[in-house]
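Handing you this structure, nothing more for now.
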Amino acid sequence: MKRFLLIMIVTLAVLFVSSPVYSADAVKIGMVTTLSTKAGYLGEDIRDGFKLAINQSSGKLGGVSVELLVDDDTRKPGKGKQIADRFIKRDGVKIMTGIVFSNVAMAVVPKVVRDGVIYVSPNAGPSALAGKQCHKNYFNTAWQNDNLHEATGSYVNEAGYENVYILAPNYPAGKDALAGFKRFYKGNIAGEVYTKLGQSDYAAELAALRAAKPDAVFFFLPGGMGINFIKQYAQAGLNKSIPLTGPAFSFDERLLGAVGEAAVGVINGSQWSADLDNPANKQFVAAFRKAYGRTPTLYASQGYDTALAIGAALKAVNGDISDMDAFRSALKKAEFASVRGNFKFGSNQHPVQDIYVRKVVKGADGKYTNVIHKKAFTNHVDAYASQCKY
Amino acid sequence: MLLFIEQLFNGLQLGVMLFLMSAGLTLVFGIMRVINLAHGSLYMMGAYIAATVVQHSGSFILALLTALAATALLGMLIEVIVLRRLYKRDHLDQVLATFGLILFFNELTRIVWGRQPLFMDVPGWLSETIEIIPGAPYPSYRLAIISVGILAAVFLYLMFTRTRLGMKIRAGAANREMVAALGVNITLLNTLIFGLGALLAALAGAMAGPILAVESGMGESILILTFVVIVIGGIGSIRGAFIGAILVGIVETLGKFALPLLLRLMLPPASADGTGASLASMSVYILMAAVLIWRPRGLFPAHD
Amino acid sequence: MMSNTLLKVRQLQKSFGAVEACCNINLEINKGEIHALIGPNGAGKTTLIQQLAGQMLPDSGSIEFDGQDITRLPAHKRALLGLARSFQITSIFGQMSAEENIALAVQAHMGHSFRFWRPANKNKKLQPTIETALEKCGLLERRHIVADNLSHGEKRQLEAGMALAVTPKLLMLDEPMAGMGPGSAVKMTELIQSIKGNTSILLVEHDMHAVFNLADRITVLVYGKPIATGTPEEISHNQDVRSAYLGEGDN
Amino acid sequence: MRFIKNRRTLITGASFLFFLLLPLIASALGDAYLVTLFTRILIYALAAVSLDLILGYGGMNSLGHTAFFGTGAYVVGILAFHIQEETLFLSWPIELSGSSNAILVWLLAVLFSAFMSGLIGALSLRTTGIQFIMITLAFAQMLYYLFVSLEAYGGDDGISLWARNKLPIFDTADDTSFYYLCLGFLVIFVFLSYRLVHSHFGRVIRGAKQNLQRMQSLGFPIYRYQLVCFIIAGAGAGLAGALMANQSEFVSPGLLHWTHSGEMMIMVLLGGMGTLIGPILGATALLLLEEFLSVYTEHWMAFLGPFLIIVVLFAKRGLYGLLTGKEVNDE
């Protein structure tokens, strides 16, 4: 009994002291991201991309020492909020980043930016935060959620498809995806289907799809749902007759390994691709491969760019973030060599950037990857920028 | 009409999958009176092992056999190490310990296989489609799943009605004390039944591998549907599990297909689709509630 | 006809699959008598009691208790009519004290127990009844002991005490002396003797000595069928019983 | 006997004192996060105590308790949503707007959770044992999908609240005040539960846990008692959910996910089932453990899983049992 009490006391003591000690002058950056659950690899890539940028300049960003605090939100909004609370209240973090999923972002971001923290999103870009609920302390270095769907829609439209079947999970990001697609696709909708979130078997939807006889399919099914869908699509023999299109989310290099042959030839919209021809990207892809032994995904590129953007702003204020206004305007003007080529923040502090459609191919090394197929947009501005008033 | 028949096949395919899952679980419930939440983890492990073997050997059959054997062993190991200690305990302890197993196995796959889902291809000789009914090509792999499921059901039926071991198990499910009276080594029998349940779960998992993403946590969604099946079918009854599984499979599949269509007659398309999808995701639970009101012990309770 | 009969069972049938557990049982229990039910293992005694208590419903036939048809009445309502039972396997509330066990039995008959606030053990109204029952079953000094810690015999006494606490019209005792040492068995016999009169008792028991001492009438059940009913005297001389049961079992 | 009684009082008193002084400790350590963390702990403790009423006292092994927790949270979320959007909650048959009045909203949360638990309980209690576990689980999942599909209220994304519900005089926006508010609710609920389990009603419920069949043969219509107990527990969980929605200023269907029910069960068992202090200790221990492990390793669940199994197998009586050193029997 006494021993047990002792253990409890020690545990508590360790807990209290467990907030790690960091060097006093380093700027703390809090990263709330998803590392566990089946979507954990997304956060892992964002974190690894971000860390790569720090490691390349030996623990510094923009010449300023930084400490990266990472914690796993387990894809739960409540947990994300709790970690953000801890970063702010215990660690005194002023700059945060890392959130993968829009629902976590919607729970965490509005509160932290109100509390005076600068949040730079390396992935999630829900429409509310780009439009009505935008905030001067909120930046996004990835995209507004609709962008990649819009690019795919634009491509499908230009490629001359006239009867497209579209499907997405029955949740807000799914609705946004189909809305984004339809913003640029002008033809007929052969069918619009919302599936159960987390659904694994699409046999029923595929049967209905076949019966609708579309000339192309657009789908947004992130993570494992997408893998299941693509595999089952190929098994139903549909990939031979009806081309499949979608946003990049189901076609990153790590998912492609799980989908395999079934994905070859699929057109997908993305702001980045490993074969993008610019020096920054070549350097990044090579360095990432060397450091982690795998090809980076777009998430890794976003993590890397986010680190560079923060670095540029830190450099401009000489690592002094006591004046948040100065840091904020430095970030807004941040100039850095983005791995995706052109990059600047628009009026709502979301990227103004080129967006491409990529095609899935089998690489020379036998692994599946994407190559740029066509540029869909140049200096694209998201649809919500005009709604944003500070 | 063509579409309807095709959807029936899809429902049947989900149904036999659920049957493979619930047959083992319902026996474990019935005989050992143990609630095992980690049954989904065995399904997941089956899929992971099969996917790994396919990647290294390229042979689907070999992968299937390895997954069955390895998972059955794993199941027996779990029984010996953890579950055996829980038979006499409260159901609550069983829930928590097996919940702990779920957490452990989910994290284990992440540590061993990494975070991204694993790839498992359909074997070449099953990758084509077959026109079961003219005009509706159907993936031959899904037909293979249906056949395997039905074969398993027939096998179980013969085993329980024709073999001594099977009859003992069935007697045990109906009346636990009876098995002791028959002079059976209960400890061994329990381990074997658990192994059989694990084997069936692995069969479901390995067969699902080529259609679904093999990923951490894949067992939980099917686990809950399995529970619904068992509640509907009645605990401890293989026949109940079969009928319940097919029923749930068909309701789940047809609901997704038919409910939005039905609602479109009354509502504008956008809200009809949304409401239909929501109702469809709740339909099996509504079915379960209805069965419960009618027969609280399920359709075919094995014992009273 | 305002008869002397308390319980009247007519043509009771119950089968499990192919096995008939009760075939065509007719049974009458008079007010104030101790009626013993005997028979070899598997004769269907427990099944019969379960049907009388309402834990199991018969396939056909009728049960009439105190002039009222209770064939389909749920168990808890039968209990409130004055039909109490004790279980073959000791069935008390192991984690409660002896007193609380009795208190529960008393509580059951005082109307509803939807009283959420006042501490139950301070209720003055129940206390006298509880104490009388404790005294009757001989556990007054052991009242605060947690039931699981009582000896086997004491548990049996407690069990009977719970049934008695509410002065039931009919008390069904299912093998009250099973597993008891000789001393406790004597105590139990005295206990049963003492309650005879106000309460009718249906006694299922293997201890033939006790049965023949206590019972006013005996019914012999074999393979779910009553083969004879009568006074101990009659039963001990009945040829059918001797050959079917006593002849084999009690030599 | 007397010593044990004292030790129990000691533990109860010490825990209470610790919770009472925590904001002071936090400010002494300069760690404002501790207050937030322990507010969560208090809220989960409240949910765990309510779960223990059915689990530990009533023997109803519900794996769907989070359904009522989530329902309570959603009442707060939905009413706040209508204030934020300036829309009506109901336009027919009567016009109802949203609300941020804490007294009204929390009362509604409790009532509505009680209503839901009445509905689910009425169906689930027709069964016992394993079926009961599975059915409560399945109903919770059904509600989970219902909230996922409530598109108007953010679906899977949930609802982000702009502010906490307001009380007259009391400043709920202040973290320390809110902490004490939660502590107050917990103390009141534990006190009510204490009276409940020692009342006539409580005795019936405890009897039903130990021997259901016997209770029936004694003449108790036990279904009714169990249902009422289930509803009371659901109401408690609803209150906890309403507080949680206020604490995190966010609600989402994730609150109704079945693993969340599992976590609440763990709290009860870890702390000591069938006691009122145990679940509080359990909630504290589990949340601290999670907090602690996740800082040190990404794979913390690989440790939590086996830890749980060990607790179940070897530490049946939970923390409270270990601390009091006697068979837990909350007499």
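To keep things simple, chains are lettered A, B, C and D as they appear, and every chain counts its residues starting from 1.
Heads up, the rule we're going with is that a residue touches a chain if its C-beta (ideal position, glycine included) is under 8 Å from a C-beta of that chain, and two chains touch if they have at least 3 such contacts.
Predicted model, so just to flag it, every value in this text is computed and none were measured.
Engineer: Which chain has its C-alpha centroid farthest away from the centroid of subunit D?
Structural biologist: Greatest centre separation from subunit D goes to chain C.
Engineer: Counting only Cα atoms for the centres, state how far subunit A is from subunit D in Å.
Structural biologist: So the centre of subunit A lies 35 Å away from the centre of subunit D.
Engineer: Could you state the distance in Å from the CA-based centre of subunit B to that of subunit D?
Structural biologist: Centre separation, subunit B to subunit D: 32 Å.
Engineer: Which integer distance in Å separates the CA centroid of subunit C from that of subunit D?
Structural biologist: So the centre of subunit C lies 43 Å away from the centre of subunit D.
Engineer: Which parts of subunit A, given as residue numbers and ranges, touch two or more other chains?
Structural biologist: Answer for subunit A, listing residues that touch two or more other chains: 35-36, 170, 196.
Engineer: Give me the residues of subunit C that touch two or more other chains.
Structural biologist: Where subunit C is concerned, no single residue meets two or more other chains.
Engineer: If a residue has to touch 2 or more other chains to count, which residues of subunit B qualify?
Structural biologist: 107, 110, 274, 277-278, 281
Engineer: Pairs of chains that touch, anyone?
Structural biologist: By the stated definition, chains touch in these pairs: A-B, A-D, B-D, C-D.
Engineer: Would you pull the subunit D residues touching subunit A in the complex into a rising list?
Structural biologist: Touching subunit A from subunit D are residues 29, 31-34, 36-37, 40, 145, 148-149, 151, 154-158, 160, 162, 244, 248-250, 252, 254-255, 285, 288-289, 291-292, 294-296, 298-299, 301, 319, 322-323, 325.
Engineer: Taking the touch rule as given, give the residues of subunit A at its contact with subunit D in the complex, in rising order.
Structural biologist: 1, 4-5, 8, 11-12, 14-16, 18-20, 35-36, 71-72, 76-78, 81-82, 85-86, 88-90, 102-103, 106-107, 110-111, 126, 170-173, 175, 196-197
Engineer: Which stretch or stretches of subunit D touch subunit C in the complex?
Structural biologist: 195-196, 198-204, 206-207, 210-211, 213-222, 225, 228, 329, 331
Engineer: Touching residues of subunit B toward subunit D in the complex: what are they?
Structural biologist: Subunit B residues touching subunit D: 29, 33, 35, 82, 85-86, 89-93, 95-97, 99-108, 110-111, 220, 224, 227-228, 230-231, 235, 274-275, 277-278, 281-282, 285-286, 288-289, 292-293, 296-298.
Engineer: Which residues of subunit A touch subunit B in the complex?
Structural biologist: The touching residues are 35-38, 40-41, 44, 170, 192-196, 198, 200-201, 203-205, 207-208, 210-211, 223-225, 227-228, 231-232, 235-237, 254-255, 257-261.
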